[in-house]
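Think of it as A, B, C and D in the order they're written, each chain with its own count starting at 1.
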């Protein structure tokens, strides 16, 4: 961390501060959410890393997509994501977010999360163990610290692309961003 | 509610945890290893894996797909494909491990894989898992979780003391329940199809039996094999040798299943099922020489294509070696006739007791027919040519077998020796055993062979059954001399120890050790050390190329003489199914030749 | 406290079902003509079968029929009745049971959503689980989910690494 | 009614107070709910359709996903349905193991939901303890089945693998630890806590008549003094071999339901001890032949078991092919989550809405499916 100060760019200081305190939006989108309580609470206690739950989108930096997304949830999730303040980071949990996973032939779930939202990292598993989740979050912290977690920028740059894909499955979507 | 104990101070007990050791697992500082059955990432032993794709079959999420791996050599009964696992689909259920036919696919205890790039979540597992690190083994299949049915249904057979008294067929065949249960064991990997000389649609007809749709099975079988009753009994079944199930259990009884399927379709329905009630004739004529498996196969496929077929044979009935070489207890004549009669019913003409070269020359056939298919087989027994073989108590197995088939009285004595270790030797020994039993009420037969038992060419079950029937084996002995008494009767067979049968180049050149001599008393000797053919009817008239002892043919069984096609033992050995294939190829070839496509 | 036999008698006497059998211990299956079903439900409810587990619908495409199965349970007899009736697939209209069991309203709503069965007398049949669903009701046998997915989504090909066959 | 005093809010799906990805839209006046409507379906994956697409054995991997809170009940009901239609006998040892698994699942489910309920009234310590305790049971599961949450362990014909003796020992140790250390702490900090009692007593009342009318079972029904439990009424697995009482309450309120959860866990511990003491030897799986070719005759069966939230049932139809023709899932909290919200939530005060939703054990995935 210190060398950050030495190099001394303001953004680097922000990134450093950012990675020390991440607020995770408390939204259980899918089954993977069942492994969050153990991660959050006494057994694996992720607040050791300055990560804690936040109740509302506006206070949250990190959105965990815990597994599959039904189209109905995807709509809510997009609203949620667009309400969140930048910088904001999306973590994909398990197979479902990568290539459909268990629900590869389901008529009601999306298959590739990164077509609809910018994803920073993916954690393999169905669902991932708390240890794997911690590994993922630690990696995310490192990325943030190095200023590599730039999903929210990608989202703004490729707004067109994301909106198209979203509307392809959802039809009309209300926009706040 | 009043009965509920309550005190404002009781929650204070929570504070005692202040002095307790925290229960938090300080991951990653202290790591918490997964349990020993943990279902983590896959690992696969690429050496053991045979690419049977059963894991792909069972995968719940279509996460497994087979990828071509050229660096792994595809041996007999293997594919050069290996499973590739998509961790964007996998749900770590472990069914692929439970169903793996070789046991090569396993799971490690590794559970953590984080990546930025979603396209990196696909891997072809090898000794190391997706993280390319070594991890202790995790979930392993055991006998309870095993999803394969490893135990085959035992085939009912006659008891030795019962079967030795007659030529009644030994194998009794499956019942419907047995057949469906046995058929259900197939995992439809099609490795058998790759190995079958005629590449039959084995999984397809087994599926037909499983679905109790025998007509479907019959169609699938006749795609590549017009003699299923015969193959269902005497095929060398290389398919069962490579069956994926055989790696951890007993192979599916493919041969008996085929037999069940055809046994249980009434021959009257054949034409309806196979759609041969009405065949478009194309007014072209083809002659087939030899009514053995190759000839019959060619005749069948050609006549289905609409050709007018005439089959010539020197014997009085069709079937060739299948009738005159294989004893009735292995292949009953009515089974043989069921197949042959169906081929007859397609309009094939048979001309018996006619030997090409004597009664009619090949040239004349060439003039009368558009093409000729020659499959005359190997009918002349070879002799060991040791001293004494000229004695008239020394016989050739093939001649005796043919006489037995004709129902002729054959000479038999109390005490006889068979020389040879192949299936023909078994056939003659077991046939003579039955006749001995009938005549003298006891079996006294010794079989000597150059090969030791482990390299004897005969089928293992043949040898065992022969033993059960009281036949004595003396493997690894070379015949030295047949000693003859003054009165011309035989005294004994004198043998020496055969040290090795083949030389380094695996050519046949036996070496003997004369210090080790054994004599077997006998009053009759039968030689069954192989047969030779007589192709003079071709050679007299045409210059034809040979490949070693056999006639050279191309992929369409065509010889160097363009209108002459050849198959069966004279072209390609050694078994029925190969002969059937050459016949099928010839049919295709002749069709192309007569349409100027070859 | 009736046993299965007595229950079957009771049913045979009062409801003249085309078919009624004891499936397993504590499980009875009864087929009822659709016109008698509602009356049968209220009859059974009045005979201690007060617990409606759920209403299942089965699409028998080849017969061109929907089968509605009402699962009832009695806290006196400890017996489970599966009360079955068949209705024509087209137009697929039936009576509501919400007068007898108000909760049936939601089971019917669910069936309407996934099979397209109309329930006369139930005015609360709008979309509940799905959102803006434009296609065939998904649980119908003639709705092919794999085809639907192939048309509407695409699967990752991992830059051509994935071998599909 | 005067609209100006009316407010409508969308409670969930994105809200810490709702049980999972599920919403309730309600109007309130002052701070009292006047009308409510469930907003379900966010977890719909079309399980019933997917199961029709897959052969029997593949579905064993699919079913646990239907209810993440208590996956094993799905495996059990599915296996029971298969065995009922196919008239398949299960080895006795497998029955015992199944019961042990189900009771462990019951404990982890209850302790987890007690934690959730406590969190709903701000008792975060209890939530931490609950989740922690559950995790120790998950460790046992991991050792037995090879996975923490989705075990894929109970299979048609028996269970996937046998349990070793040392694992049984571990289970018994854990049971003692729960009974002698963790539950007493819980008792003191939660159940003797006047604050907690005040928040729960007399809240979210569902009377016996209401419960039976809408088909609510389990704690909701038992909180009214009726010991209706499928483990007693229609014994399955090895429950006919063990002694246990069915805990009940008197007032049908949240407090009673939570006490029932607590007593249920004590009973489960009792059951597990009995089962482990007299578990017979023998195989744990009947031979059903090639897993790719499981086939059972035409037929149908409605099978149900007692989950921690009440009756959990499958209606399964087989047409004699390699795949199920139809599987219909009846989640335990379906009537409450859809019908109960509209009928019985109004009248509750806003602060008690989480208490209402959580204490009734509403689990959205099982009615979204």
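One rule holds in what follows: a contact is a pair of C-beta atoms (placed from the backbone, for glycine too) under 8 Å apart; a residue touches a chain by one contact, two chains touch by 3 or more.
Predicted model, so just to flag it, every value in this text is computed and none were measured.
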Count the touching C-beta pairs: is A-B or B-C ahead?
A-B
Between chain A and chain B, tell me the centre distance in angstrom, where each centre is the average of that chain's C-alpha atoms.
58
Roughly how far is chain B from chain D, going centre to centre by Cα mean, in whole Å?
54
Roughly how far is chain A from chain D, going centre to centre by Cα mean, in whole Å?
29
Junction residues of chain A - those touching two or more other chains
42-43, 72, 98-100, 102, 104-108, 112, 126, 129
Junction residues of chain C - those touching two or more other chains:
130-131, 138, 143, 145-146, 156
Hey, what residues on chain D touch two or more of the other chains?
41, 44, 46, 49-50, 53, 61-62, 132, 150, 368
Category of the chain touch graph - line, ring, star, complete, other
complete
Interfacial residue positions of chain B with respect to chain C in the complex
65-68, 84, 86, 88, 118-119, 121-122
Can you name the residues of chain B that touch chain D in the complex?
1, 4-8, 10-11, 13-14, 23, 34-39, 54, 57-58, 60, 91-95, 98-99, 138-139, 142, 144-145, 147-149, 181, 184-188, 210
Considering the complex alone, what residue numbers of chain C touch chain A?
130-132, 138, 143, 145-146, 148-149, 152-156
Mind listing the chain A positions that touch chain B in their complex?
42-45, 48, 92, 95, 98-102, 104-105, 112, 114, 119-126, 128-132, 134-136, 138-139, 143
Taking the complex as given, what residues does chain A use to touch chain D?
25-31, 33-35, 37-38, 40-43, 53, 55, 57, 68, 70, 72-73, 76, 80, 102-103, 105-109, 126-127, 129
